Amino acid sequence: MRRSAFRRSRGDGPFRFASTGAGIVLLAIMAAIGVFLVVKAVPALQANTSHFLTELTWQPNATEPVFGIGALAFGTVLSSLLALVIATPVAVGVALFISHYAPRRLASALGYVVDLLAAVPSVVYGLWGVTFLVPFMLGPSKFLNDYLGWIPLFGGDTVVGRSMLTASLVLAIMILPIIAAISREVFLQAPKMQEEAALALGATRWEMIRMSVLPFGRPGVISAAMLGLGRAMGETIAVALIFPATFNISFKILGPYGNSIAANIANGFGEATEVGRGALIASGLILFLITLLVNMAARFVIARRKEYARAAA
Amino acid sequence: MAKQIEVAGLDAYYGTHKAIEGISMTIEPRSVTAFIGPSGCGKSTFLRTLNRMHEVIPGARVEGKVRLEDQDLYGADVDPVSVRRTIGMVFQRPNPFPTMSIFDNVAAGLRLNGRHSRSQLDGIVEESLKGANLWNEVKDRLNKPGAGLSGGQQQRLCIARAIAVRPQVLLMDEPCSALDPISTLAIEDLISQLKQDYTIVIVTHNMQQAARVSDKTAFFNLAAQGQPGKLVEMDETSKIFTNPAEKATEDYITGRFG
Amino acid sequence: MTVQTGIQPISSARRAKDRLVQVLVYLAFALAVIPLLSVLWLVVKNGIGRLDMEFLTHSMRNIGARDAGGGAYHAIIGTLEQVLLASLIAVPIGLLTAVYLVEYGEGGRLSRTISFFVDVMTGVPSVVSGLFVLAFWILVLGMPFSGFAGALALSILMMPVVVRSAEEMLRLVPRELREASYALGVPKWRTIVKVVLPTAFTGIVTGVMLAVARVAGETAPLLLTVFVTDSINNDPFNGPQMGLPLYVFDQAGRPTDTAVDRAWTGALTLILIVMLLNLVARLITWWRSPARRR
C-alpha cells in the first residue's frame, strides 16, 4: 500500500529506472563476456586443423594452425586441485585458530594478518615464486623424489624447481586467505547452544568442535573451497612466471612440466597472430565456462546452507 | 551415584561485572533443589558455576569453593572437562545436535568416553530414552534426526542425552520454559523419578513447579539494580512457601501467587 | 555398568588428541603467516635499493634490460589513470545496482538474478575480463590498445566488489531513519539520496577503496588491453600505456639482474600502494565500528 504511494511520487521514476538499469547492465556484461569470446573464438577454431578439445600442442601461429586445450586444461585442473588439497586443511586450521583458539583480544587482528595475504598482488607472488620459491623447492623436491618416488606423483628422473608442485604451492598460498576468511565466518556463526551442549557432556575443545562446529560449518567450508578452486583456476600471472610452459600431460609434479590456460594466455599473447589471438580467446572461453560452473556450484551450496541455518533458527 | 554439593563463599564475574556474590549452600543428594528469584539475579550464573560451564564464556571467572563430596571442583589439578562429564546439564532451550540422529544424540556423550560395543550402546540408549520417558515415542525412528522432534520431545531427548553418561548430579536451567503444559508435566514426572538416582538442581520461574517437584528451595535476589545477586534464604520447600524467614522471600512468593 | 565415584579424569588419549589438534591449529596459522613474512621481507630487502628519485621520476625509455637506472614513472602514471577511470565506471554502476537490490528489488525475480550474478561475477578470472575487452573493444570495435581499455577490464573486476560492500552498508541504515523521512512526505529517491546514501557514505568509501586495492595489483587484464611500453604516455585514451603490475611482470621476465632489481622495486611500490589503501580502509571501518563506540 505504502509502496504504491511512493511509486507515484514525483522524481522517483528516473531514479528507479537508473538503478534498475545499472543492475541490468551488470547482467548484460556477464552475457556479453560469453558472446564476444565466442564471436572471436569461432574463426580461429575454424582455421584449426586439429580437434580443439583433445589436441595437446599449441601452434596457432603456424601457417597450418594446430592447437588444442588438452594439455592446458589438464595443467589448470591439476595445479588447482593440488593447490586446493594443500590450502584447505591449512585454511580450516587458520579459521579454527581465529574462531576458537586464539585469545579473544588478538583474534581479529590475527585474522587481519591472514587477510593481508590476499592483498599481495599476484605479480608479486610470481616474482617471489621465481626468485625465491623455485630455487628453494629444489631441495624438498629432491627429498620427495628420493624417498617417496614410488608414489607416481613424486616419481620421474628429472627434478626441477619450476614444477607443477611449486606453482601449486604458490596457488595454495594465494587461495588460502579466501578459504580461511569464509570458513572463519561460518565457524563463528556456529550456534553457541550446540557448543555448550557438547561441552556440558564433557567434551574437550576439539571434541566440541567436531560435534557442533564442524558439522555446522561443513557446507560453508565446501563452498569456500570451491570458490578457492575457481580462483586458482583463473590465476594467471603468478603461475605464468613459474610454469615451464610445456604442452604435455604428465602427472610427475616434480618434473619440468606444467602449464595452464591462463598462464598460456599471458605468455602467448605477445607473439600471437590473428588466429593466435582467436585461439587464446577460445581457451579463455573454456576457462570462463569452467570457473562459471565452479562458482555457481559454490553459490548454490552457500544458498542451501542459508536455508538450513534459517530452518534451524 | 548421587553426591552432595557444598558451596562456600562463591563469587562469579563476567569480565569486571560481578554477577553473584558470597553464595554458600549445601545441596543434598537424591533430592531436588529449586532455585527461584527475579530475572537477572544470577540463578543461571550460579547453576553454571556448579559444573564449570560458567568459565566457557570469554572473560568469565569464579572465586570461592565448590565441593562435590570431598573434591574441590575448582582445584588446581581438576580438569573442567571431567567436572562437566560428572555433573550433567540441561539447558533452557532444547539443543539437540541437529546433524545427528536421535540415537546418536543420546549416544554422543558415551562415544566420547571410550569404546562401547553396539549392543552396549543399544542398551544404554534404550535405558536412557526410557528414563527420559521418550522411548515409546521414538523407538521406531531412532535413526531420524533429533531436530525433527517437537520442542517437548527435544527437551526430553536432551535429558536422555545428559543421563546417558550417568552423571552424579543433573543441573536444569528452566527446562520447561519453552514447553506446553503437557510436556511440562511429563518432565516434572521425570524429575520426580530421576531423583531416586540423581542429585537434581532446577532453576524455575514457575512457583507451582518449584512447590510440586522440589524438596528444598533457594531464593536469590538482587540487593539493588546493578548490584550482584545474593542467596537470600534456603530451606525446605514447604517452609519457604508457607513460612519463609525473610520478608523479601514472602514478598516475592506472594507477589507471584497473588 | 561401572559405578563411578567422584570426578573421573578423562582418558589420556582424549587429552592427547585435544592437545594434538591445538598444536596443529597453531601450526596452521604459523604456516599461513610464513609466506606472508617471506614475501614482505624479500620485497622490502630487494626493492628498497632502487626506490630512489630516479625510479619515481623516470621512464624506461632508451634503457635496455642490461642498463642500470630507469624507473617506473610511466607505469605509476598509467596505473593511477587506469584505476581512476575504472572507478569512474564501476562505482556509479555498482552503487546504483546496490541501491536497486536494497531499495527497489523487493526480493523479486530480477533482483535475485542480479544478486546471484553479482556473486558469480566475483569469480570471473581477471584474465577473462581482459580477454573480453580485447575481443569486444579492440578486435570487434577496432579501438586501439590504451589505458582506457585496461580501465574497462578493471572496472568489470571492481563492480561486484563495489555492489557487495555498498549493499551491505545500505542494509545497515536503520529502517526508522528511512521511515522518518517518508513520514515527512519526502519521496523515496530523495530519501535515498539525502538520507540513506550519506548515512552509509563512509562504509561505501571503504568498500570502494578495497575494490581499488584489489584491482590496482591486477596484471593479466592489462597485459591484454593496454599492451606494454617503456615510454611515458599521459593520454589513457590513445596508444599503449604501462601499469605498475605490468611493469613488474615485464621487468621480471627480462633475464638480467638490473631488470630484476627494478621488478622488486616496482613490487615494493605496488605493495605500498595496495597495503596503504587496505590499511586506510580498515582503519576507517574500525574507527566507525559500533564496537569502538561501546
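Just so it is clear, A, B and C label the chains in written order, and each chain counts residues from 1 on its own.
Assume contacts are C-beta pairs under 8 Å (C-beta built on N, C-alpha and C of every residue); 3 or more make two chains touch, one makes a residue touch a chain.
The chain lineup, named per UniProt: A = Phosphate transport system permease protein; B = Phosphate import ATP-binding protein PstB; C = Phosphate transport system permease protein PstA.
Since we're looking at a predicted model, the values are computed, not measured.
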{"item": "Most widely separated chain from chain C, with each centre as the mean of CA atoms", "value": "B"}
{"item": "Pair sharing more residue contacts (C-beta pairs) when A-B is set against A-C", "value": "A-C"}
{"item": "Whole-Å gap between the CA centroids of chain B and chain C", "value": "51"}
{"item": "Centre-to-centre distance between chain B and chain A (centres being mean Cα positions), rounded to whole Å", "value": "48"}
{"item": "Rounded Å distance between chain A and chain C, as computed from the means of their C-alpha atoms", "value": "16"}
{"item": "Per-residue multi-chain contacts in chain A, two or more chains", "value": "202, 204, 207"}
{"item": "Multi-chain contact sites of chain C, meaning residues that touch two or more partners", "value": "10, 14-15"}
{"item": "For chain B, residues that touch 2 or more chains besides their own", "value": "81-82, 85-86, 112-113"}
{"item": "Complex interface listing, chain B residues touching chain A", "value": "51, 53, 56, 58-59, 81-82, 84-86, 88-89, 91, 93, 95-100, 108-109, 112-113, 147, 158, 161-162, 165"}
{"item": "Complex interface listing, chain A residues touching chain B", "value": "104, 191, 193-204, 207, 211-212, 215-216, 312"}
{"item": "Chain C-touching residues of chain A, taken from the complex the two chains share", "value": "2-3, 6, 9-12, 14-16, 18-27, 29-30, 32-33, 36-37, 39-40, 89-94, 96-98, 101-102, 110, 112-114, 116-117, 119-128, 130-132, 173, 176-177, 180, 202, 204-207, 209, 227, 230-231, 233-237, 240-241, 262, 265-266, 269, 277, 280-281, 284, 287-288, 291-292, 294-296, 298-299"}
{"item": "Complex interface listing, chain C residues touching chain A", "value": "10, 14-15, 17-18, 21-22, 24-29, 31-33, 35-36, 38-39, 42-43, 46, 92-97, 99-101, 103-106, 110-111, 113-114, 116-129, 131-132, 134-136, 139-140, 156, 159, 163, 182, 187-190, 192-193, 213, 216-220, 223-224, 245, 248-249, 252-253, 260, 263-264, 267, 270-271, 274-275, 278, 282"}
{"item": "Of chain B, residues touching chain C in the complex", "value": "1, 68-71, 73, 78-79, 81-83, 85-86, 112-114, 124, 166, 168"}
